[in-house]
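Once you scroll down, you'll see the structures, which are given as structure tokens.
Next come two complexes, and both contain chain A; in the first it sits with chain B, in the second with chain C.
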Partner chain A sequence: MRRFSWFNATSLTLGFTFLYLPMLILIVYSFNGGRNVAIWAGFSTKWYGELFRDKAFLDAAWVTLRVGLMSSTLATILGTMAAYVIVRGGRFKGRTVMSGMLYAPIVMPEVITGLSLLLLFIAIGLDRGLVTIVLAHTTFTMCFVSVVVSSRLVTFDQSLEEAALDLGCTPWDAFKSVTLPIIAPAVISGWLLAFTLSLDDLVLASFVSGPSSTTLPIKIFSAVRLGVSPKINALSTIMIAIVAFGVITASLINKRSVTKRLRDEQEAAAS
Partner chain B sequence: MNYRRLFLIGIPYVWLLALFLVPFIIVLKISLSDIALSIPPYTPTLDLAEGWAGIKDFFSKLDFDNFLFLKSDPLYWKAYVSSLQIAILSTTMTLLVGYPIAYGMARAPEEWRATLMMLVILPFWTSFLIRVYSWMGILGKEGFFNSALIWLGFIDEPLTILNTNTAVYIGIVYTYLPFMILPIYAALEKLDISLLEAAEDLGCTRTSAFWLVTLPLSRPGIVAGCFLVFIPVIGEFVIPSLLGGSNTLMIGKVLFEEFSSNRDWPVASAVAVLLLLIVVVPIVLFQRSQERQAEAQK
Partner chain C sequence: MAQPSKTPVVFAPWEDETQKPIIQFKNVTKRFGNFTAIDNLSLDIFEREFFALLGPSGCGKTTIMRMLAGFETATEGTILLGGKDISPVPPNKRPVNMMFQSYALFPHLSVWDNIAFGLRRSSMPKDEIGARVDEMLRLTRMEKFAKRKPHQISGGQRQRVALARSLAKAPKLLLLDEPLGALDKKLRHDTQFELMDIQEKTGTTFVIVTHDQEEAMTVASRVAVMDHGKLIQVATPAAIYETPNSVYVADFIGEVNLIEGNAKKAGGDKYEVSWAEGQAALRGSCPREIADGTRVTYAIRPEKVAISADKPKDAANAIQGTVHDIAYLGNISTYHVMLPTGQVIKAQESNTRRLANRHFTWEDKVWLSFTDTAGVILTE
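Take a look at the complex of A and B:
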């Protein structure tokens, strides 16, 4: 199959137009000079200016960023530990319960997770705010981290760890100098996934946030409920640009490391 | 058993226990409680300090009133049925839109595939909320779609699409499309082209080779994709609240409103418990099919 067939070219063109046109329209209209979103009134960046002068949005962005950094870091540590325990920990009491608890939040409707966490925080008398959002996001995203990390742990050769132990490493040393470097790409992508999920989350945050800790998605949601606003278009454009930059960079790095690994393996096989 | 191992197992374990299992038990408990005008607005709390008497007292106060209330009010019943209906229909629509795209990707020239893959994943990393929002500007009365149709002369009056179920369907298909494309693409990419050539050599037409060979062999991808769309759509909250109208009933939206506007937490909890009961069936079926898949590959 060297060329696109007529049918495939059509379905790909239509499919990707459907996936990208809405975002493209959103981006184009963020540079619209008029207030009306459907009528083009000349190029302007005034909505960006208004966005950056709006203190409520900047505050929300700052809260979101802090929550994202804290929860994704915590989630990466906990998720990696959980993945290691499940894949390498052997049999222990409650292993099934643990893997169930790691899997459930991924498939459970977010409204349920959100409601249950809120009721817990109220039951133990924890005030809603930054801390509760971080706790909620950590719990939700650590499950995703553990899925990503355990899929890497399953595929790599355990005899490498055993060799390190035989050669006199302590288990911690073996983990640090053998296991961690091998699973590092998975840990990093786990962190990125956790960070993105945290930045994006509306449902959990609406349940567990307090009045002083509005996150960006909550702010966006309450703004767009009233209708389309060019300021939100500007904000969306910035967010899309950041994600696009991140994904494209990551896939380029990934492509390079795959080529490098293939070359290394070929060299190793040749020598 | 050393301390290190205990520590390694214990920390994530206790975390999940405290922040996943315990909250869940609280929801179950509150769903069986009476509403009261205090804050937090529900009555019985488990008083462990009182020992057995407290536990007995706790159980004696539980009742199924909230669930009976759900049964008596047609709103909830309708919301469940319409959530299921919307989920089934939109999953089918996503499959019909996603399959040709996945097929086109799998049959694309090798050097194109990585780029196409990235193009499918990119929207997946983009904010869900923003992707739903982007349709508000398109489907509205003065939106892009209506303006384009009027400009082309197809219609004179703008169509009402935003705040109807049609907009909900469009939003679901749009946002969940990557979940459908990726597993189908994975199944189609593994498919051995020589099987198709053999079928054609044996007298199949292109079309019948597709129905007899390609489609059955991509079944695992179709099944996985459908579950990955169906399960989260049942509890969907953002799409019906932004794109749907006041008559769009979905259980996730009802739960959120019960909780935030009516502040009736026992009923919200009962809705949550029932929602979970509905979602559990497809989740278990999905788990089973994934396990069978994994075993077949061994």
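Take a look at the complex of A and C:
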């Protein structure tokens, strides 16, 4: 073990303070009893109660949740399909160009993606609302799912699929009963990533949302412009909790499957 | 067990003209882009054969296997299985199963479920599947590990599960792609005999791909030596070893001394090969007719070369040289004897005596001798 040094302790403290102090202040002040966000007036959970009585916020939360579930599911299906074809499709014409194009939206400025989607929806006469947000988020998160899934597919032994075919599977059956169970952790973490991205997207949603469908980030953003209310603090704390829960769960699932496999292999070697 | 027939039955369907081959390659060519993996190849494989495809990596042996399994299609020519063209049949509809080099066991399924995988996709009733899986587990002695996952068993056990899984559907033809490559030497030897046992018990036709010549010689009824997408020689292991048809085959299988020279007829199938100034010509045989003066290679296996201190009296061939090196391998010793021409000839002796009683040592003058039937004269 390395000896504990003051330099290490200082850098660690500074780094974590820089990252987490703003969030910590936000969480602490969400339990503030007073109306003013900057003056502490005793512990209280009343702003949480207020929040759950505010219909506008609840509606926005409901829209966000539905958009997140639908777009991340759609993005997972499409992203997995795209990754499968790019990795497994063999050498077809234009493969390199296509795989490059698949990942380009990751680095594309969101403003441009949002604007182009808006123009598309206007051109085809699609009314802005829940559907357009779902479509926009699917477009944007699909490539993230593709990246995660294709990195798993690359390390996946292709002879497993050939063995399934050899044993009488149709190509679809082989995918369903061999490939999918093995790449499932990557698909799930792709889904979680897509869901999180959809949950906190502001730019795309503000381009393609309609008056009837306001997502939570839009709602928070517009509310803050009128002045920060302790209610926003409470809402943000809940969102931090949800995201933290998701991330921690995902990493725990991943870590447990790895350690379990290691332990199983050691047992096998010992027996 | 008493055999009713008087003559011992030798398994050699390839010599019987009434036998129909189970697999026929007819002028098959396979190209990947500009690269020709299989070059106009024709080959018959018979039922119940244990057929080995042997060659260095990249010689096309795996491509042949993948074409039989249905993962590759021939660019030209036809492949017949039981008399029918199999090119339009997808892999899942072929009565062929394959054991993969990486074993390709499904990591998310138990040993039992791995073996049942193919049966569940066949028309077999559910209660028979259980019996069949148990039978396969018994055959491969894996009953105790049925509930384990593939990563919970050892490499040798994985190999047996892979074999059980590929045999479960009772295929007409079983393909084995370097099946023992991942096992250590001792386990590999044991498993080779197990494979032969299982092949005999099930009566399945086996086609094995290997780059290990010893393995091919041990298990196979016939061996096909390949190079650059072509078959060089297809024969029994003994024929491949004793009468190779080319320098390539002689050199690829086992150890061999190769001496180049000019052939001259010496009556019957005997020839004399003059190979160096002032040295007696080497006598050997060749089943083919060779014109006088043809450039040939005289091939002689080290174990057929005797080594002695004095010139043997009636040896057909005798050459003098000095011991240059001795490789002691325990059961045998290989003497590297340098001839006056500078060429080194290997001679192998069984160590029937203890090391202390050995006759020859470094720099000794010795005589090498061999009969006129021991060596083969190769024209290619």
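As a convention for this text, the second predicted complex is superposed on the first by the 256 of 271 C-alpha atoms of A that agree within 3 Å, B and C clash if a C-alpha of one lies under 4 Å from a C-alpha of the other, contacts with A are read in each partner's own complex, and residues count from 1 in each chain.
Methods note: contacts are C-beta pairs under 8 Å (C-beta built on N, C-alpha and C of every residue); 3 or more make two chains touch, one makes a residue touch a chain.
This one's a predicted model, so the numbers in the text were calculated from it and none came from an experiment.
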item	value
Superposed partners chain B and chain C on chain A - clash or fit	fit
Partner contacting more residues of chain A (chain B vs chain C)	B
Chain B versus chain C as contact partner of A:164, first or second or both or neither	second
First (chain B), second (chain C), both or neither touched by A:49	neither
Touched partner set for A:29, first chain B, second chain C, both or neither	first
Vertex chain A; arms to chain B and chain C (CA centroids, nearest 10 degrees)	100
Smallest separation of CA atoms, chain C relative to chain B, angstrom	12
Chain B/chain C common contact set on chain A	none
Touch list for chain B against partner chain A, complex	4-5, 8-9, 11-13, 15-17, 19-24, 26-27, 30, 40, 45, 97, 100-101, 103-105, 107-110, 114, 116, 118-123, 125-131, 133-138, 140, 142-144, 146-147, 174, 177, 193, 231-232, 234-235, 237-238, 241-242, 252, 255-256, 259-260, 265, 268-269, 272, 275-276, 279, 283, 286
Residue numbers on chain A that touch chain B, as the complex places them	1-5, 7-9, 11-12, 15-16, 18-20, 22-23, 25-26, 29, 36-39, 78-79, 81-82, 84-85, 89, 92, 94, 98, 101-102, 104-105, 107-113, 115-117, 119-120, 122-123, 135-136, 138-139, 142, 171-172, 196, 199-200, 202-203, 206-207, 217, 220-221, 224-225, 227-228, 232-233, 236, 239-240, 243-244, 246-248, 251, 255
Residue numbers on chain A that touch chain C, as the complex places them	157, 159-160, 162-170, 173, 178, 181-182, 261, 264-265, 267-269
Chain C residues within the chain A interface of the complex	69-71, 90-92, 96-98, 100-102, 104, 106-108, 117-118, 121-122, 148-149, 151-154, 165-166, 169
